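Two complexes are shown next, each including subunit A; its partner changes from subunit B in the first to subunit C in the second.
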Partner chain A sequence: MNSYFLRRSVLASTLCSLLLTSNLALAATAFQSEQGRQYANAEIIVKYKTNLSSSQRMQTAANYGAKAEENQNEHSDWGLHRLPPNVTVAQALKLYANDPNIASVQPNYVYQSTALPGPTPDPAYNQQWAVHNIGQPLSTGTSTTQGIAGADMRLEAAWNIQNDCSSVTVAVVDTGINYNASDLTANMWNGGATAPLHGWNFVGAGSNDPMDYNGHGTHVAGILGAVGGNGIGVTGVCWKASIMAVRVLDASGSGTTSTVVQGIDFAITHGAKIINLSLGGSGPFDPVFNDALNRAQAANVLVVVAAGNAASNNEVTPVWPCNFTHPNLICVAALDQNYNLASYSNWGSTSVDIAAPGSYIYSTSNGIEGQINAALTPAAGGWLGSSNHAAGWGYGLNGPGLTSSAPWAGIPYAANSDDRIYKTFNLSGVSVARLTLTAAVSVNTGDYFNANIRAVGGDPFVAGAAIFSSSNLNTGLVSVKSIAYDLTPNIGPACTIGFQLLTAPSSTGNYGVAMTALRIDTLTLDNNSYKIMSGTSMATPYAAGVAALVWAHNPRYTYTHVKNALTKGGRPLSVLTGLTSSGMAIDALGALTYIHPTQGVSVRVQ
Partner chain B sequence: MMFPTLKMPLILCTALLLVACGGGGGGGGGTAPAATVHQVTLNWEENLEADVNMPGGGYKIAISGQPIIDVAFPAPPSITLTLPSGSYNAIVTAYSPINPNTGMSYLNNTIAMASVANFSRPSTSITIDIP
Partner chain C sequence: MKSPTLFALLLTTSTCACTMSNNALGDNTANPQAPVPNFHAVQSTGYIVTARHASAIRHHYARYGIRLLRDLGAQHFEVQLDTDPGLLKLQEIAAETKGEITTIQVNQTYLSF
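Moving on, here comes the complex of A and B:
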């Protein structure tokens, strides 16, 4: 018998006796894990070079202090060796490697009835590295990355314990949600007659329709609760969920204290137990926002928020709501596919609690995005001049773009002119359209540069609405103006956009206007779209989803217990030390198997 | 990349061993007076984890110098025992049947067996003084 093993065996026997004395053999570790692959810690698989007899196999094992298990298939050329106590698999692999009777040796890998979403696999499941990181490459079309196998949230094993969060309503307070998305619709919150469209819209005049015209909220919702195992798209952290759609950010992704706080209050009063806030802003302390989180705390609501994407320290530059200090708040940083802090992620040794996957996250989209870049050549670009077109718009010879007095620069525009040019765009079927104009402008006081829109075609300065109008934009100097405008109310087959240079009778003229870019970004709502996004906004719903799993599994928990399970049951990452308060990455299995230390132990002696 | 796994049960094991083996048992040398025996009741707050409050779950009670006591579900969170004079330390540790490496219950998985049960960190140690 190998002397190394003998020594170890004696020690191991002693340890074993102690464990048995204390009746704690249950505490032994059964499996080891390396690079995401588990194997039995006291066993190896041996492949023999020749067809050894049973007794020869036994002797081979005995040479190492191990025991050969009988293989059920007597003709098999491999066998299982049980190692002596306290001898590691790694040590055994090295020693067996030189045995003349053994062709190869390997760990006895663990294969589980892993809870993959069923009954029908979700086709994009393998793109979800945060769920199951196998080092898969992910591409946005412009860049491709891949990470380290095993660097994930151990969700597959966690799903053996819990995959249904439908008893815990999670409010996604965001840009709204495309609640008709085929991968989400079954998991939307049932708001009954009060909220028939699964939530509320607090943007603008408000309504009962929280449809997402940006895409951010729908992406967040998919991470949290895309239906698992429906054969469509992706799998959410929660296979079954109750997702409340609360729209507080507009189509451009912006909101205010007023909209956000109204959304939080709606979530609280309508029974949400977790609020996902993948949003943030810097600046001074916001007392009204702070009060809303107090109300959430009083209602035993957990609030999960994003750390921010400025690659900065929140201890130095606070980001709200991350920097609020409520005990019911969890602030989440983002990890990349290598389980490093993502390059863009904020951090904070006290303000940021934990990290979760946030880069290259594939999830539900609210629709198909498009872009129209208008050619800025008058004739070839389909631009039309008005009947009283005078000095004329043309293509700038000395500068790019559509110019009010061609060629741009060097020839001042004329006095008492009304120069117009316009173009019609077919936006049929589009759900959202946003116009972005960039122009170089030099217009005197008393002269005007106008941009108008008309939904039904024709000269937009005859009957249309103003996009932009200004005088005295920059006397004698050229400035660059960037104009954003929501075209959505004018969507149709003949959406017409026009520009006008209107000059005074006494004008001395100036350079005028040169349009250098005209872009229309479109979104066509669609129920079967997916896309990759990155940010702490994506990390947040991973944390919120795991919180929902934990709470659904342990319904007697308070927000304190759920937060503890996430932070204390997380996976320690050295790269997070000093960057988050816990130094942990979200670990779904660790959170679900975390057991709080028993409290309130007391004794009575009679 | 290698991540730490399952360190907690070993920590727990050590903690329970220390409590189970150290201290207690009735004092120092010399001629011991006749030991008196008292009935002791230990209570604790029930853990809120669903997996502790299910078959295969429960609590381990470690009292210095005494065998570990298993209070398996569905027993209430209390034990009564007799102890001779002396000073003892006691801790309570909750456990569940869920393997923290796989998420599988050992009750439903003959491969995983009982060696993979999941333990909490021990409670705060409490002192029991028996006159």
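Moving on, here comes the complex of A and C:
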């Protein structure tokens, strides 16, 4: 660990334990600054002219409505005074300056020992405003954004206490993780022979390979546990970690109760202490999901979940799992670089517990994204008609786009037709491909607009698989519809996508079909990719990472202790009042130094 | 009857669904919320059934064709049917199984945030 102390004065060292033990108050007050120096806004340091007794010191403080710290060293000339709520530090400095018992007075400046990731600095460290916000400008590709210096999670100070979370396995239940990413691979969970690829995949038929074909889970994992100080990319909340990859969301970022619940159960039974769920849905209460969280609670597993990105109140429109009421669940809203609630973030006075940085977060990506926009012109666009079937398809029939059998010229399509057109795309070398198409469709009952795919080239309606089949749009309805489809199983040098208008012998005709847009988004897995993302999904792993730091530092804690450390050791933000149950932002130093109230202790006076 | 202008309109509003009361352009009524029947990807999310045994599900729901039956643990089973009679009908059937099938719910969708 490349740890060093920035500055430490004699005064600071004598008050060090005091600052740490009163951290909760400090977290709330240390945001004030004078010429760039932070100080506690309800405290001052005084130097007495003579050695006063404890009672005299207290009386001196009482003269100003303040309170002298009781447990300070009576043999020291220095003392800490806590100011009344209606007196600012600046006012107190003026008042105390004329006191005959006071030699000098000054603010109670904040000094923190800090640690930066080492031995080799991570090159993108300065882009991580949530870790240390110095008001640095961040390029989003189209614009530049920056926030307020000091609006961060105080991780550098926290890392001096704890930066290794490898004793606490955190399950990222998400789209999977690119476990080969250079910045993650050393911090992946060791699943042994049972799970040699660091987790499990519950999407589709399932497998032991939780590779991420979306990118969301890899980004979440990097926030939580990108290796610190390895000279690569970014620094995770945990420099060392044990990240379990549990894939429950597909390449489009979508999953179901069944996949999510299986993922949670896998995490529980394979020793995860914390589960990160940067996902959600707004359907009805989900009893099976609820039961899974009961099992997590019984296993002393903390579940950290995202509040949602609809800019809505979860008390009015519940979002699951955020709105579940399990005591082992923490729901996290997102903050922007100014430590305001992010514009997209959901909130909830009882359902959302806390907030954490979520906007413009730079973290690991699963690969390099590309895009193919297919020209929808039969001649120039490379579209081919199947023999005996292509006559009807054309381009620009009363508008741009690939249209079936001339309907938009005002002529209904013909009965008993089978018009096909298809195009071959070279997707070799690509890891994931996703088709998005937009079409205007109007077909009768018994007539069909079909889309098919074939991995090996040729007419996809001779031998291929259905992407969709559409019929019964016969009541005067003209629909413009977008549809997305995962092409991944058909990736290769000759992936053929085709469209068909199939009409019944007795069809009276209708408008038919017009393809107005066809796009293929591709992903090529890459182990050294990074990107910026925003969302409560990004805020969630910041909270989960701090929870892992706390638990690693206090192995005997229960989920209750860890949750309390986060929610009660956080930084109060007035902008969160009424929007979250705690009104707090995650504060790593505050959480790590939070002292739980003593309970269950009885004293007998004799 | 089928106006060329209509298509141009559709192209400029490529995310809406437009309902025509007849073929006259002036009668078009924009209705972005209108469902688009039978235009969907070929897949089903199905149901999650809580039952004592998988055999109970096979027995009581066989009439709808069981495309997929997957044990999720804790007596929960993911079920996909060839023909979907709807949640209410499946719950009606469950109520008549003398406790062999205790609950059934939609296999809900969750998205990355």
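In this text, the second predicted complex is superposed on the first by the 455 of 606 C-alpha atoms of A that agree within 3 Å, B and C clash if a C-alpha of one lies under 4 Å from a C-alpha of the other, contacts with A are read in each partner's own complex, and residues count from 1 in each chain.
Heads up, the rule we're going with is that a residue touches a chain if its C-beta (ideal position, glycine included) is under 8 Å from a C-beta of that chain, and two chains touch if they have at least 3 such contacts.
Values in this document were obtained by computation on a predicted structure and should not be read as measured data.
Legend: residue contacts after superposition of the two complexes on their common chain; A:529 is shown touching neither subunit B nor subunit C. With both structures placed on the common chain, the touch criterion links A:467 to subunit C but leaves subunit B unconnected.
In the superposition on chain A, contact of A:161 is made with subunit B only, not with subunit C.
In the superposition on chain A, A:417 makes contact with neither subunit B nor subunit C. In the superposition on chain A, A:602 makes contact with subunit B only, while subunit C stays out of contact range. Contact comparison for subunit A: of subunit B and subunit C, C touches the greater number of residues. Against subunit A, in their complex, subunit C makes its touches with residues 1-4, 6-8, 10-11, 13-23, 34, 36-42, 45, 48, 50, 70, 72-74, 76, 78, 103, 105-113.
Subunit B makes touch with subunit A in their complex at residues 1-6, 9-10, 12-13, 16-17, 20-21, 38-45, 47-52, 59-60, 62, 67-68, 70, 77, 90-96, 98-104, 112-124, 126, 128-131. Residues 174-175, 214, 216-217, 248-249, 253-258, 260-262, 265, 278-281, 283-284, 286-289, 291, 295, 306-309, 320, 398-401, 407-412, 438, 440-441, 466-473, 476-485, 511, 514, 516-517, 535-537, 540 of subunit A touch subunit C in their complex.
Contact residues on subunit A toward subunit B in their complex (touch as defined above): 18-19, 21-36, 38, 110, 112-113, 115, 148, 150-151, 157-161, 339, 553-557, 561, 571-572, 589-590, 592-593, 595-606.
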